[in-house]
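The chains carry the letters A, B, C and D, assigned in the order they are written, with residues numbered from 1 in each.
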Amino acid sequence: MAQKENKTNPNGSVDSRTTLLEVTDLKMHFPIRKGFLRRVVGHVKAVDGVSFSIQKGDTFGLVGESGCGKTTTGRCVMRLLDPTDGQIVYYDREEGPIHIESLEPTEMRVFRRDMQIMFQDPYASLNPRLTLRQIVGEPLIINKVASGKELDDRVAELLRSVGLSPEYMNRYPHAFSGGQRQRIGLARALALNPEFIVADEPVSALDVSVQAQVLNLIKDLQEEFGLTYLFIAHNMSVIKHSCDHVAVMYVGRIVEVAETKELFRNPLHPYTEALLSAIPNPDPRQRKSRIILEGDVPNPARPPSGCYFHPRCAYAKEICSQESPPLQEYAPGHSAACHFAKELSLTGVL
Amino acid sequence: MADNQNTILQVENLHTHFFTESGVIRALRGVDFSVERGKVLGIVGESGCGKSVTAQCIMNMLPGNGRAVEGKISYYPRESIGSQTEKVDITGLPPRGKAMRAIRGNEIAMIFQEPMTSLDPVYTVGSQLMEAITLHQNVTKQQGKEIAVDALAKVNLPEPARIFDAYPHQLSGGQRQRVMIAIALSCNPTLLIADEPTTALDVTTQAQILDLMRALQEETHMSIIFITHDLGVVAEMCDDVAVMYLGKVVEQTTVDAAFHSPQHPYTRALLRSIPRLTDENQTRLDVIKGRVPDPSVVPPGCAFHPRCPEVIPGLCDVHTPEVIKLGGGQEVRCLLYDDKLMAQSPTRTALAESR
Amino acid sequence: MAKQAVLIPVLDEEDPTLAAGFAKAANVSGDIGQLSVGQLMWRRFLRNRLAVGGAIVLIFMYSMILFAEFVIPYDHFVSNSDFVTRPPQLPRFIDSEGNFHLRPFVYGTETVLDTVNLIYLHKDDLTQIYPIHFFVKGKPYKLFGLIPWDVHLYGVDEPGTVFLLGTDRNGRDMFSRIVIGGRVSMTVGLVGVILTLIFGSVLGTASGYFGGIFDTVLQRGIEILMSFPTIALWAAFAAALPPDITAITRFFFISIILSLLGWTSLARQVRAKVLAYREMDFASAAKAAGASHWRIILVHMLPNALSHIIVIATLAIPGMILAETALSFLGLGIVPPAVSWGALLQDAQTVAVVLKFPWLMLPGAFVILTVLSFNFIGDGIRDAADPFAI
Amino acid sequence: MLAYFVRRLFYMLTTMVFVSLIGFFIINLPPGSYIDVYQAQRQNMGTSTASAELEALTRRYGLDKPVYVQYWKWITGFVQGDFGISFEYNREVKELIWQRLSFTVLIALGTLIFTWIVAIPIGIYAATHQYKIGDNAATFVGMAGLSIPDFMLALVLMVIVQNVFGFSVSGLFSREYIDAPWSLAKIGDLIKHLWVPVLVVGTSGTAGLMRIMRGNLLDILNMQYVQAARARGLSEPLVIIKHAVRNALHPLIMLLGMSLPSIISGSLVVSIVLGLPTTGPLYFAALRNQDMYLAGTFLMFLAGMLVVGNFLADILLALVDPRIRYE
């Protein structure tokens, strides 16, 4: 499974890196119902036309502030939510492109072996009534991959691979701490040998010193098993440390996507610039004045007109409040959704 | 240091215990630090190190089952006539007494971690703001309202008169934290305790709040105790730093020294374990092994020794380190700097060589 | 699967913080991780003295009604015109002359005519002493309706009588009637709760998990049901029961009527729990692993909701016992000749009767004892489950 | 706020429609038509009924028509104040119910006020003195109060009053006032009698409310805004009363509507024992005698009282809670 093969991608061009997942114009609108008849009076556009693609073996970061739709995007990709619109194409090693968004529940169930998810909250993500054997082994049991002694061996192997002793197999999750629970969650995600894992804020609930342990583990497992990650986080330093490519989201849309270093060095969108500027730097000698955004993130049920960022943008002009800028490529692999991406010269942090 | 005219708050050997149905939890096991007038002290540490309990002790608002069993918190209020500062022993004041309540909210104010829940949902912002003002200042209702609206304007809230009449649920998280700051500052306190004030906020909102706090601090010259687990925020905000581990301050020093010449192994390890923007992508981070133990099972000797990369077996697990003053006002609780003990240590020579 | 696992050194020990908290809550020392949440709750429950006391009382009372024919000295329906409303014959060890008897005894009966009210009054005849014998042979009966036997727990020699709790207005032994009445009163709640559990958890789970129209309709329906005064609605249904049905059929109908309203609050709470669990990451993780709806409900939701369900059920039983008592007291529940505690209390409806024959209130004491025990147990389970529940 | 009010009003009306359906269902529950019952009763009393009277009845309620027509006739009559006739008393239902319903309301309101006045302070005390003797005692007494059947409590109380004070507390009036016209003295006499049913019916409700108040307040006392109020320098009583208790009361207002069913239920049963001229005795007698129009009308009114009570509680909640008011 770990073998990396070069594949001809669907466009016909041969690439040394193949696309594993391609998301096109993904939308997830939650209806707002009101009144006695539960009439739909509007939609929360949690995800509103998101497109990106992830290369095999990459860690693709999705970053943004709370309510920007990054977690919803992750859950749509996993089909834990049924998206309103858009395409999610997964390039399977054997079966070629698969349209995840239109799979029937039974087909999806089979396909779930390839992609797994780990969650943010180490306490809510493990069922307190089950032992580690049952938790980590559940995907194997459901998909009838292993049972009995074989199951035990496999669970032991999985626990060992995330740095936990197999002796813990018969214990319940309440004996474990946040960091250990995230390891258990990772072991469960690895159980079916997936090639793609959605890591939804995997370290944001952890203490500083434990965070480093889990980040290292995520990295090590990627190398070992040839995993591809969709890495969702709000902490820019963690994103910078872990990801190869980054997409920045704002109110349900991607405003900028680029290779990590490039994005941190040369942001093209004013929001990215502000986000980067706001990162507290753990060095008192490098204090500097920051870009302070006015106001708050808009409510995704009632977003502003035009470019969603224009009310807070220091560079906004008239057109920004009228037209919504498309996501355009301005440099190889570097796209932004800003009318003035070319004109502005924004400052990065590297 | 206690005699220092510039000290506003001095905490000495503070022990705080919580008496639960199944035993005593020693949350603070001898905390020492001091806050200087007009300076920002950052208290940093991981969960369970006792930083929030310390704040509660200073406010004299421990929960019912908690008690400061030993030690002293001395508060030196605004300079009175004759430049003679009178000392107030906070630990000696009854928590619900008049004297303590005259200090609380008036001279020492506090803001909390969760802006969403720190305002009472059934009263308007204005009425909660007025509560503090009319309690501590001898003003009419009209004057009080003017002060209140002023305070809201000071924290850069748009349309302060409208916010005055708003209910908390009508405001965003960032706006609520601004209101909390306005309430805290409405009586011009000399000391502000900020308990993780930006942890629950998004990074751009955090930048707004930090910027505001810094500006207000420069304007009013109040002292701030800034409690956080985020080393980036400490570097950003603070003048001095106290690093806490398991109910003790293990290192207190200036912010520059803390980040550029940290002396305690815990401080050093903590700094190494955070991802930095300047790192090459995807390098492995240094980690601290294990985790913070439960306060009910504190390891003997130096509490950090089981996790310490520089531990000296036979020494660190036996002797409890005392505060050792190094140059430049740096204070550290670590046996590595205890010359007397180190001289007796069998591993001393080996260690000296390795250095 | 020929992967080589990276060997990352095992860095972590148990989490002391959470584990220590749980250990304290359950009062266990040592390895907390080996114990399931259920076991932890059980240990905590055992520390609650009131709850354990309630459980012991209930075990005692339920064994009493289970072995009722063996426990009671007389048939509960046999009248005895010589001993109408005889006060309780208390077992004694010391007689009127101060002699100590190793074997407890009861006095005989002396009957006098109250010439004012023209009724016979009974009191203890201090000259007649009847020792109480245990495991005496008496009227034959069938234990559990199956095993023929003729041994009774206690009795006295003829012509003595042993009415420990007195007799009613037909001279029937109150103790025997209370024990037999307990069969109805103590089980009507259980049957009602089982029905409630079935309705409540199935409907609550379905409406929480699947939502939609079904959920809306069910929630509105519950609101409407809850806007009736319970006793009034129960009584209306009970009054509509055909008069010619057998006692056992009537018993089951009464149980059904009691659970008709009882399921609503359970359904609401189960729904709330299911809604909460549905959003929890462990349910999402199971879905991501390909689990079916059934598996998510049965493996991930039900076990976690179980402690809540048990608490609600335990606390619902007293309500049903009280309701049966009230209905029967009003003559709308269990009707004579069948007996239940409420039906027995019908004899004690007025102050005049209670003043003259206070022992006719004794079935009420059994109601209180039972209800109190269930309340203590329910509270105990709630306390026990609290620190571990999600 | 207006939208909220209208919505709640709409909820209330729809609920009433369903309640009426159930009320009609109850009336139709006993086997056979009322005509049979009526006829049987007349015959029992030895009077043979003129078939004209029966026919009038059949026409009035459309008893020969399909069920939905019967319902329509009944409900349209009902809203116009025609509740049918009582076979037992051979009178129009509307002549029998008003006084009894108003006494029921009186007892229910009295009980509600009693419960709150007693339960809230005890709940506050118990929460602020958690696990102290007072708290434990309140918990135990509350448990006991929950476990005693209302009617037994009524009996015991009557026995005690009779034995200790030597007067009877049954009924709502002393003998001399029963048929007397309303006067201050009569009202005074009513109040003298009212406390017994209020105490009896209120006991279990008080116990429940006290426990809920205690739990709510314990939760609220842990909230950060209570800490924040303390940090502002507010005195402890002010923190408790102004911030904690105020917030802890909100869920109870919702319970206000929901506690009515048990209060009404309690008053129905207790009335039998205490011989009160309320709905209870007549309602249960009507059920036993299958006097279905009378029973159905009582049930409708009792449910209607609860629905209105719920509606009022909703409105009250909106008035005190800005989060709902500004929805």
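Going forward, a contact is a pair of C-beta atoms (placed from the backbone, for glycine too) under 8 Å apart; a residue touches a chain by one contact, two chains touch by 3 or more.
Source: prediction; values computed, not measured.
**Student:** Looking at the contacts, which chains touch chain B and chain C alike?
**Tutor:** Both chain B and chain C are touched by A, D, going by the contact rule given at the top.
**Student:** Looking at A-B and B-D, which pair shares more C-beta contacts?
**Tutor:** A-B
**Student:** Provide the C-alpha centroid distance between chain A and chain B, rounded to the nearest whole angstrom.
**Tutor:** Each chain reduced to its C-alpha mean, chain A and chain B end up 34 Å apart.
**Student:** Provide the C-alpha centroid distance between chain B and chain D, rounded to the nearest whole angstrom.
**Tutor:** Chain centres of chain B and chain D, defined by C-alpha means, are spaced 55 Å apart.
**Student:** Based only on mean CA positions, could you tell me how far chain A sits from chain C in angstrom?
**Tutor:** It comes to 53 Å between the two C-alpha centres.
**Student:** Using Cα averages as centroids, what's the distance between chain C and chain D in whole Å?
**Tutor:** 27
**Student:** Multi-chain contacts in chain C: which residues touch at least two other chains?
**Tutor:** Residues 11-12, 15, 17, 19 of chain C each touch two or more of the other chains.
**Student:** Could you list the positions in chain B whose residues touch two or more of the other chains?
**Tutor:** 287, 291-292
**Student:** Provide the list of chain A residues touching at least two other chains, using ranges where the numbers run on.
**Tutor:** If we look for residues of chain A contacting two or more partner chains, we find 177, 179, 213.
**Student:** Can you list the residues on chain D that touch chain C in the complex?
**Tutor:** Going by the criterion above, the answer is residues 14-15, 18-19, 22, 26, 29-31, 143-144, 146-152, 155-156, 158-159, 162-163, 168, 170, 258, 260-262, 264-266, 268-269, 272-273, 283-284, 287-288, 290, 295, 298-299, 302-303, 306-307, 310.
**Student:** Under the stated contact criterion, what part of chain C meets chain D in this complex?
**Tutor:** 220, 223-224, 226-233, 235-240, 242, 318, 322, 325-326, 329-332, 345, 348-351, 354-355, 361, 364, 367-368, 371-372, 375-376, 379
**Student:** Which residues of chain B touch chain A in the complex?
**Tutor:** Against chain A, the touching part of chain B is residues 46-47, 172, 174-175, 202-208, 210-211, 229-236, 238, 255-256, 258-260, 269-271, 273-279, 281-288, 291-292.
**Student:** Across the complex, what residues on chain B touch chain D?
**Tutor:** Against chain D, chain B makes touches at 59, 61, 64, 96, 101-106, 109-110, 112-114, 117-124, 128, 131-132, 135-136, 167, 169-170, 180, 183.
**Student:** Over in the complex, which chain A residues touch chain C? Could you list them?
**Tutor:** Contacts found on chain A: 1-2, 38, 75, 78, 80, 108-110, 112-113, 115-117, 119-121, 124-131, 138-139, 142-143, 157, 160-165, 168, 170-172, 174-180, 183, 185, 188, 191-193, 213, 217, 220-221, 224-225.
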